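Presented sequentially are two complexes of chain A, the first with chain B as partner and the second with chain C.
Moving on, here comes the complex of A and B:
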């Protein structure tokens, strides 16, 4: 027993031990205290693992199984139907009168692409300008960050109040044009899916909400570019535009790729804002569902939790494919560099 | 000799300044862009904040500009009047859910990251991979089964039913951010602690935790932000789950985002009252986020770079 006590304290063993003895002692130490180490390891890892597995992996497993039934939220494992839910997703003619999943996919893809195309260049321009040493720079940065820190619900409610038929935008238009009758345009009520003005208004709100994130990330990336580089280029007579194009933007590209990844994955999960701005019934009527709102409106509101789960599974697989492709072909350079 | 080599460089300093000089013409444009960007960012918000100081008639007659006269009854009705129970109750519910989430995420995440980073586990890499894999599972896709499971174990309508799934889905980011952070703490420090008779658990609590505070603040802030803004999970657990929690005259049945939405549909005819409620719901988040901006940005950058 005394052995364990001394080896428990390396100080004591080091003080007592001659050089030749110490390797043996360390081996003994490993063996003797391993039960204790094991307990420590269990104490440190198991609680987190239990919560994580029970509420991440188990639900995913549930979703897989539920997607094979035609159950309701309160009785999800009733009426085994095999892969019927999936054939319904991939064969929309079986769902006459229902909004189709593929409309939601198309909406999502368009939102993802347009988010990148609208926010990327705009945010890059603003960030390049704001990275200069100007007065009140910190104030400008904070103000531009405001939309991003608002929750999507608050943003949705704010814009719903502005875009209502009786909302502020119409009041303002009435005011400016001096129209006799008050203008009552339902900005969020247009039919026609992605071709309608409502879709582009949604894109506008999304841009307003999320461009702050892009700007802030780009600014953080820009601040990491050593000033010596741009100064050296300046000394060599490069113009401001040349410096941005040849030095700053290439050095910023890891940040840009990272932002694009965040934006892409975020677009695929889009739910809150669309749900708040339009509401489930309007979404179906206007053909503006995203995959997530479609999943919820089918799985919960329409009580078809099996079909909703099948949608969730397909949504997951699609997100995974996009994420993996992006990592493999675009992000891998950055990750390789870090490791 | 050295003074001779230094001197030309000093001569060059004004030259570099001269190179900057031609850019000055563009300085007004920079300010213009900055002002426009800032204005676009805050006009919708300030419109709603100011709207809370108007009557509905004022809003219809002159929606732009400052209220004339300023009306305080909307804000008063929410802060101390008949809607105070819902407002302060929602704030309390949001605070409770967010703080519980942060507490559990930081405790569980730090301990498992410590085990992965410093305990020389044989399966450390695999354990890290298991948690990192969680980044691939967005909470959105698990919402239907989460509702079913919470119903089975009786956590529907309970605030912990929001907290626990949030913790589970925040753990991947937490572990991915904290593990490299904890690894970076020098081995020598650990050995020195053992020499002084510290156990591994003792080292964790006495040395590692204080040193890893910045990392923990980052993951804590991220978890707080996620929880504070969350809508889908509280919607399912509290609203669909039919929560009814009244404590000390406050209505804690909804978190703030749910409260705002509920208030909007309930008072849809009184637009300026809804605006006042929305504005008041914005303030705590705004103050918190703007003071924590650096941590949020670091966290977002770190979450992806790993």
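Moving on, here comes the complex of A and C:
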């Protein structure tokens, strides 16, 4: 218990470190806000605001209006149907081969949770290892970050080729097992949604792709933890595990929370990788659509512009709610103090 | 290919000399506009030799028509179809002449008043193209014309075929013969049929063909124009397909893992499996020979413009016993439509594209033209001469069902068929999914 007490104080002051000076500054500013300063504020914010409104708010409004129509790409505002599109999302007719929005929502939630559970501990472990002074540390750090730098499309194509029925993985298995007939497993073709091997293969590819970001963030966080703390703990006789558990991880928690937030948002937006690995038709058959692939396959491929927009609106609202809840209950500790 | 373009240029040089024939029309257009006319033409021929070919056509048209300027631009097919054209239509900067895929999409354009009815303005050309133009006609009026049209059928690797002890001189003409061939190929250790299930539509084509051969012309027309699927043949099509696909011992005749195989991207795709000798055949449109040739050249480090290997051959989908569609053939093509607000010169340009000279030059590049006068210009010995025969002998030519029904039906239809062939649902469920999507 003594550890936590001694640790919490530097944490609090470190967290307040950057913000600690700001109240004074704002007070000074309040005293004399000149026209020049106002012009500066306007001059700097207006261009960004214009871009933000034009490319974020206007499209959201546009999608909202389109979602009330049953339009086509060349005539998005024909056949006003009111909230019918939304009713269809929440109350779908079951048809052979037709994907369901709620399946996509479930897939997204599971991908989000599994990404946190798989990547978090793994990344933390690797980061702790790489923060120690080992040989070729820089090389390892670089290699681990490489998949994250690769574009999603390239990664998708590479893994689609490897996992293809006539791809490298099956060739390797054929060689190792010495099977008479070449192995032709369709790794990405399993039916059965999130329970199928294909889903877990997807999770594997996602982990390979994104764990680099988590590791780099954690390494950056670790480098910000003063060495004096661990040294002091060692003098007090704390074991390596105790130091990690009671000093390093608590001090790393703002970074972990920020990473989890990024990971969550990324999981909700997941599109490219899934689209390329499976293709829209098989996603429907396998029940592996994400909300974004569902939206595009309905709105763009099937030309159901209105329905696709309705899905986009629901997706936006859901992401917004998750983001706000996360900020209110979890991130506020890190960024919400002054707000 | 260079020779073909040069040949074409020479052919048109002659046309330019005989300018007098074209002059009266030209002066009409030019005079009406006061001085000069500018036409914008968007097409999907981003690759050679088509890119240079269309540019040549545009400049020949300019040369033959004083005061007419043609701005040609090529766009990638899916970009053009899904984004660029719809945006141009709604944004009011639409081109005068543009790529048009026919079917349900064109019906939507017609309903929005986007495309021009050219039935009268290009009456002679419409008559010359005949039945091939069916997919570009709505309620008896013509809203575009295809410059190429080909049926799909079985593309065969005759080396695999013969290795299974089959005769490449006589391809199956009945379903029984086809199924016997599949069994022989399966016993030889190869996949009888390659299928690119990841892409959806190649799976759809199996069900389409079953429907084409099961349904009567009347039933097909009712489905295309009114989305009427009440005829029993649509359910029967699924049952017949089940019969066809279970004819080989041990299940479907497809390559193992067809669900996760792409249609035509690289050596691991369905087209790749056929040309590399892993599978014997693929049910695919006429472009497949080009795709397979490309994969073959890449795999063997041959120059890009090497002709497709000679061991590839083609035969049509056989009739289904008891079906009502013996004379029916399914195919698709590429065409152009004229914008409703386009000047008359745009219609003239379309007629020029489909004129004997241009179509002959197009056919000479080993393409299938739509103008019957140009059929003879397909190079001798080309497999396309066999393919075009199937089209000429057909009683009724149906546009690809997904194109004919439009994207709103096509996606759920292909999804349902893929699930069906994957072992889910019943023939009735497929028809239900289609009727549900038709609304």
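One rule holds for everything that comes next: the second predicted complex is superposed on the first by the 281 of 339 C-alpha atoms of A that agree within 3 Å, B and C clash if a C-alpha of one lies under 4 Å from a C-alpha of the other, contacts with A are read in each partner's own complex, and residues count from 1 in each chain.
One rule holds for everything that comes next: contacts are C-beta pairs under 8 Å (C-beta built on N, C-alpha and C of every residue); 3 or more make two chains touch, one makes a residue touch a chain.
The shown structure was predicted, so the numbers you read here are calculated from the model rather than taken from an experiment.
Undergrad: Aligned on chain A, chain B and chain C: do they clash or fit?
TA: Verdict on chain A: clash between chain B and chain C.
Undergrad: For A:197, is the partner it touches chain B (first), chain C (second), both, or none of the two (neither)?
TA: neither
Undergrad: In the overlaid three-chain picture, which partner chain does A:171 touch, first (chain B) or second (chain C), both, or neither?
TA: first
Undergrad: Please indicate which partner A:319 is in contact with in the superposed arrangement: first for chain B, second for chain C, both, or neither.
TA: The answer is first: A:319 touches chain B but not chain C.
Undergrad: Determine, under the contact definition given at the top, whether A:74 touches first (chain B), second (chain C), both, or neither.
TA: So A:74 meets both chain B and chain C here.
Undergrad: Return first, second, both or neither, reflecting whether A:281 touches chain B, chain C, both chains, or no partner chain.
TA: A:281: touches chain C, not chain B.
Undergrad: Which of the two, chain B or chain C, is in touch with more residues of chain A?
TA: B
Undergrad: For A:300, is the partner it touches chain B (first), chain C (second), both, or none of the two (neither)?
TA: In the superposed model, A:300 contacts both chain B and chain C.
Undergrad: Is A:188 contacted by the first partner chain B, the second partner chain C, both or neither?
TA: A:188 contacts chain C only, not chain B.
Undergrad: Once chain A of both complexes is superposed, is A:121 in touch with chain B (first), chain C (second), both, or neither?
TA: neither
Undergrad: Of the two partner chains, chain B (first) and chain C (second), which one does A:82 touch, if any: first, second, both, or neither?
TA: Neither partner.
Undergrad: Can you give me the overlap between the chain B contact set and the chain C contact set on chain A?
TA: In chain A, residues 73-74, 76, 160-161, 164, 166-167, 300 are touched by chain B and also by chain C.
Undergrad: For chain C, which residues are in contact with chain A within the complex?
TA: Residues in contact with chain A: 82, 85-86, 89-90, 108-109, 112, 114, 189, 197-201, 203, 255-262, 266-268, 273, 278, 406-408, 410-412, 414-420, 422, 424-425, 429-430, 432-433, 436-437.
Undergrad: Using the touch definition from the top, list the residues of chain B that touch chain A in their complex.
TA: 12, 15-16, 19-20, 23, 26-27, 29-31, 33-35, 37-38, 40-42, 44-45, 47-48, 51, 59-60, 62-64, 104, 108-109, 111-112, 114-115, 119, 121, 127, 130-131, 134, 136-138, 140-149, 151, 164-165, 167-169, 171-172, 175, 194-197, 200-201, 204, 225, 228-229, 231-232, 236, 240, 256-258, 260-261, 264, 271, 274-275, 278, 281-282, 285-286, 289-290, 293, 296-298, 300-301, 304-306
Undergrad: Touching residues of chain A toward chain B in the complex: what are they?
TA: So the residues of chain A in touch with chain B come to 9-11, 14, 37, 40-41, 43-45, 47-49, 51-52, 54-56, 58-63, 66, 73-74, 76, 125-126, 129-130, 132, 134, 136, 139-140, 142-147, 149-154, 156-162, 164, 166-168, 171-172, 175, 182, 208, 212-213, 215-217, 220, 231, 234-235, 237, 240, 255, 258, 261-262, 265, 268-269, 271-272, 275-276, 292, 295-296, 299-300, 305, 308-309, 312-313, 315-316, 319-320, 323, 331, 334-335, 338.
Undergrad: Could you please specify the touching residues of chain A with respect to chain C in the complex?
TA: Going through chain A, the ones touching chain C are 72-76, 93, 95-99, 160-161, 163-167, 181, 184-189, 191, 278-282, 284-285, 297-298, 300-304.
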